[in-house]
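One chain, chain A, appears in both complexes that follow, with chain B as partner in the first and chain C in the second.
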Partner chain A sequence: MRISAETFRQIIPAVSLVLLLGAVFYMQPRAMSYTGLNLLFNLAVPIALATVAQMLIMSVNDLDLSMGTFVSFSACVAATYLQSAPLIGVAILLAAIAVYATIGMLIHMRELPSIVVTLGMSFVWGGLAVLMLPQPGGQAPGWARWLMTAKPPLVPLAIVASVVIAVVTHLIVSRSSFGVLVRGIGGNTRSVARAGWSVLGLRAATYALAGFFAILSGIALVGLTTSADANIALRYTLLSIAGVILGGGEFVGGRVSPVGAVIGALTLTLAGSFLSFMRISPDWQIGAQGAILIIVLGLRLAFNLFEKRRRTR
Partner chain B sequence: MNRLHLVFARPWIWSFIAAVIVWFATVLVTGGAGALGLSHAALTFAAFSVIVGLGQMFVITLGPGNIDLSVPATMTLAGTVALKLMDVQDGMIIAGLVIAILLGIAIGIGNYALIKLLRIPPIIATLSMSFIVQSTAIWANRGLRIKPPDMLASFTTSSFLGIPNIAIVAVLLSLAAWVLLERTIYGRWISAIGQSIFAARMTGIPVDGTRLVTYTLCAVLAAVCGYLLASFSGGAALNMGAEYLLMSIAVVVIGGTAVAGGDSNIPGIWGASLFMFLVVSMLNTYGFGAGVRLILTGLIILAVILAAGGRKVVR
Partner chain C sequence: MTIGKMLLASAAIACVFGPAAALADTSGKKIALSNNYAGNSWRQAMLTSWDKITKEAVAKGVVAAADPFTTAENQATEQAAQIQNMIVQGYDAIVVNAASPTALNGAIKEACDAGITVVSFDGIVTEPCAWRIAVDFKGMGESQIEYLAKKMPQGGNLLEIRGLAGVSVDDNIHAGIVAGVEKNPQFKIVGSVNGDWAQDVAQRAVAGILPSLPDVAAVVTQGGDGYGAAQAFAAAKRPTPTIIMGNREDELVWWKQQKDASNYETMSVSIAPGVSTLAFWVAQQILDGKEVKKDLTVPFLRIDQDNLEANLKTTQKGGVANVEYSLEDAQKVIASAD
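The block that comes next holds the complex of A and B.
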């Protein structure tokens, strides 16, 4: 059986996840249980949602450097207004989605660099989050808490949620005509415009959808942590970009994979757990995370080379 | 009239206009008091942003996707190790600078090795590298906070003819960068690579060598900035580089360097660095809380970008 290059791109992220999981199980066999898996992947759900949001932005050749502050902002809204006055909370979040759509249009209309615009927005989101929660606090809405601590039979929630996120975004990005158009913008904007589609509208929709997933990420995070603070998710900007790349996505050309992005997010989460099992000195924790990133990407290269050699033979 | 038009066509003019407006807005509130102090502080702190901004500018000029996220970690490691080596002795000042530069060279080569050998995007390569560098800095920083040698500390905090020494160093580095960019073959090469890497390769430009030198240059500038900043602030701290990640990118882009690469702008970095510092001090002067200050900073950055406008891409 010959495997197409595209399938191969999809398999490699999965293989690295399985290898890492195998290493964790080898070192800590007790992790091979319902509770163990739940603990390992618990924090993966918000990271996976943020990664999917970043992936949508990357599919139109942009980059969102405000992802971390925006997820923090959503978490603060969820822990304050959404909990105490749900209607106002929903209104704020809808307004935030509208802002995202506006940014998407602005970047296109004025041909602005997305990196700078989102950099500016990251100050705005951060400021709003500080205004809402100057000190860590707030309380998660009961339903978010219930959802994130649910215990479905047989398979832990973190796994179920990751599969659901992967399937839903796969349907949106890889199977729907909307997804084809979005990736088309990433591949060749002019050809999409020439075919009569409104690039402006499509980009607005993509940004709005990304904002929606980022908000879900914030809510999921608050559901796990029960309270929020203004800096709760700052790491997510870099984590989400790394997750998309680990999952086989590219910065340009509309080449993104939703399933890969979710797997990339799981791999990054697992890398953290892996390190604590290794009993690495706290000094080197961050460094080891960098090393794991490099090793996984090195593996990917090795697979690619192997595949190319097999092909030319 | 024509000449005036020419001046306004320069992409860097907007960052200077914005900086001047913010300066006046701040000085008006204080009623003219502290105008000198404000300018002095602005020059000092802008100088640090300029030094890291120059390196980031060379990298961004290389074209889409080229960015160095290891700047803050490099600054921290260079500052930490240099201060440790100098150990408060005036005689070791040069040795400290040399070790900072050597660290910069090593990190730059490491960055490009990852990009080239593993064929991973620079943003991820430099991010992974920065994790490792940051860890090394944490490990090296063990123990007490070491003070800089007296001579170096007084050099970085004093002024010559009313101009902060740090700003003079930054001006000299900017001039060197300008010569490098506009008057040497290397400068032409990086612009050519930024405009089209394929065409650059076809014309026989040593693309890999040029990119390696550029990433190394960026890391060295970050290391020198870390060395100076640690001496200026009386010791190295683990988070001392943190704010320079976004800062180094922001000053380059607000300054009018094309994010798409191939077109860089050194005067703009100065305008943008002064602007970024002045905005924060203006909002401080007005007595805003942290939240409002952040929001206004963001909105002002957005306003400047909108006013400067996206460059029309000639196809």
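The block that comes next holds the complex of A and C.
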């Protein structure tokens, strides 16, 4: 029996995660415990949520460059209003989701490049975050803190949360009719439109859902850090894009994998720990991190070529 | 079994008779430095100092290891992950220069819960379980006015060069200067500009405000801006006032030239990057079981007319005047907090 190209493509991210995990366990046997695993992976939970949000945007052939500032913004809301005045907090977050839906519609109606619009929005979110928390501070809502520091039996929370995120988004994106339509927009917008669907509405819904996941990411992050600052998640923009790509997604064509995206986020987090356990000098760490990315993406590229050749044959 | 016993016995003897007997309690302990940024001369000097002092300490067997880690990017989330990795690696103490005073609190709480001593310095954290070695920036501002009050009792007009707007360090130094002026009303701040702690910005800002100013007797600064101010005064062909310096190498060189040429007098004050080594010794003392207050204050490094040459000699080109702290210095700082 030959493994199909698509399965192989799905397996690569999982294999790289397992390999990396094996290397980390070998170097640091202490990590092979309940607390060890939790410490290794708990900061990957918000990254996984942001990656899923980015994946949704990428599934309609767009790119969200405001992901990092938006997660920072939600973290600031979570650490201030959501904690002190939950109703206002929820209202702000709902408004933010509405803004995301509007951005989606705007990009569709005016045929604007999403990169430009979201880059512009990143300054808006960043500015709002600074307005809300000019000085680092705030406090995580009790329930968020409780949720992120919960200690479920047998399996650490970080793993449970990652599995839940992967399953839920898999159901939405790969198993629901909504998911098929969203990926359809990425694959061939016109055919979706000709089939009688409102692409405008679908795009707005996709953006809103992405905004929702990004907000969850912000709340999860605050639950871990206990308080926020306006620049807390700036790295998430690039991390989330890298996570999607590492997990087997593509920039265009609606080819995304929710499970892969979560695995990609975990891999990226683990890569950082791996380098730190390797005692690589800080001067080389950025380079080494880049090298890991290039190796995995190189694998993908090599595989894509291989796939193409097999098809043409 | 017998070999094990012999090893134990010899280890015990070594503990009793070894030269480091008093510090033997921490000889098996591992300390890690979590640093968020290495992109300027101050941070580079900080890391070099850490390396120098801790290597010596490890060689002498004071601690088992003292490994520095710097995050690749200056981001709080990355540093939080770095600290969590250190917990997994089993360090006994973590010394932190934090990217954010609050965003690392979750990771630091995890470390404390795992029984790890956390000492923050320079960029301190608010998590109550950690120790803080803070800089008395307000005192630094006040000391400038105190020096000027002694040097020119008749007082005069002051030009204030501030740092980067909106950063707490700038606010604190400014508050110190204002407090000093209140105590010495013979001084009057006639102008204030933002120099962003950079010579070129300071020079531009001072050149811009100079034409509108009366005679300036002295310039109070925040460090990294004194040389630029001097250039601006020279370009405007105005007499050079007493400019307080900030321990940067270019400032000290200029001061030395003026001192040799016209017996120019001033002083220079800033924070020594070697404060990382102070944090190291404080962490070692805590591991050693000493009672240490959670909030400590680091002394600032002041250079005066008579020790200018000595400091200039030890300052690297393009660097910052530095001082490394010893165990005794740390004990003094700990004792003075009581």
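FYI, the second predicted complex is superposed on the first by the 298 of 313 C-alpha atoms of A that agree within 3 Å, B and C clash if a C-alpha of one lies under 4 Å from a C-alpha of the other, contacts with A are read in each partner's own complex, and residues count from 1 in each chain.
Keep this in mind: a contact is a pair of C-beta atoms (placed from the backbone, for glycine too) under 8 Å apart; a residue touches a chain by one contact, two chains touch by 3 or more.
Keep in mind the model is a prediction, meaning the values are calculated, not measured.
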item: Touched partner set for A:251, first chain B, second chain C, both or neither; value: first
item: Chain B versus chain C as contact partner of A:180, first or second or both or neither; value: neither
item: Partner chain(s) touched by A:160 [first = chain B, second = chain C, both, neither]; value: neither
item: First (chain B), second (chain C), both or neither touched by A:99; value: neither
item: Touching partner for A:286 - first (chain B), second (chain C), both, neither; value: both
item: Chain B versus chain C as contact partner of A:172, first or second or both or neither; value: neither
item: Common interface residues of chain A - those touching chain B in one complex and chain C in the other; value: 134, 283, 285-286, 289
item: Sites on chain C touched by chain A in the complex; value: 35, 38, 67-73, 75-78, 80-82, 84-85, 87-90, 100-107, 109-110, 114, 126-127, 166, 168
item: Chain C-facing residues of chain A, complex; value: 28, 30-31, 35-36, 39-40, 42-43, 46, 134-138, 148, 221, 223-229, 231-236, 269, 272-273, 276-277, 279, 282-283, 285-286, 289
item: Residue numbers on chain B that touch chain A, as the complex places them; value: 64-65, 69, 114, 118-121, 123-124, 127-132, 134-136, 138-139, 142, 246, 249-250, 253-254, 259-260, 289-299, 301-302, 305-306, 309-313
item: Complex contacts: residues of chain A adjacent to chain B; value: 65, 106, 110-113, 115-117, 119-131, 134, 238, 241-242, 245, 250-252, 283-291, 293-294, 297-298, 301
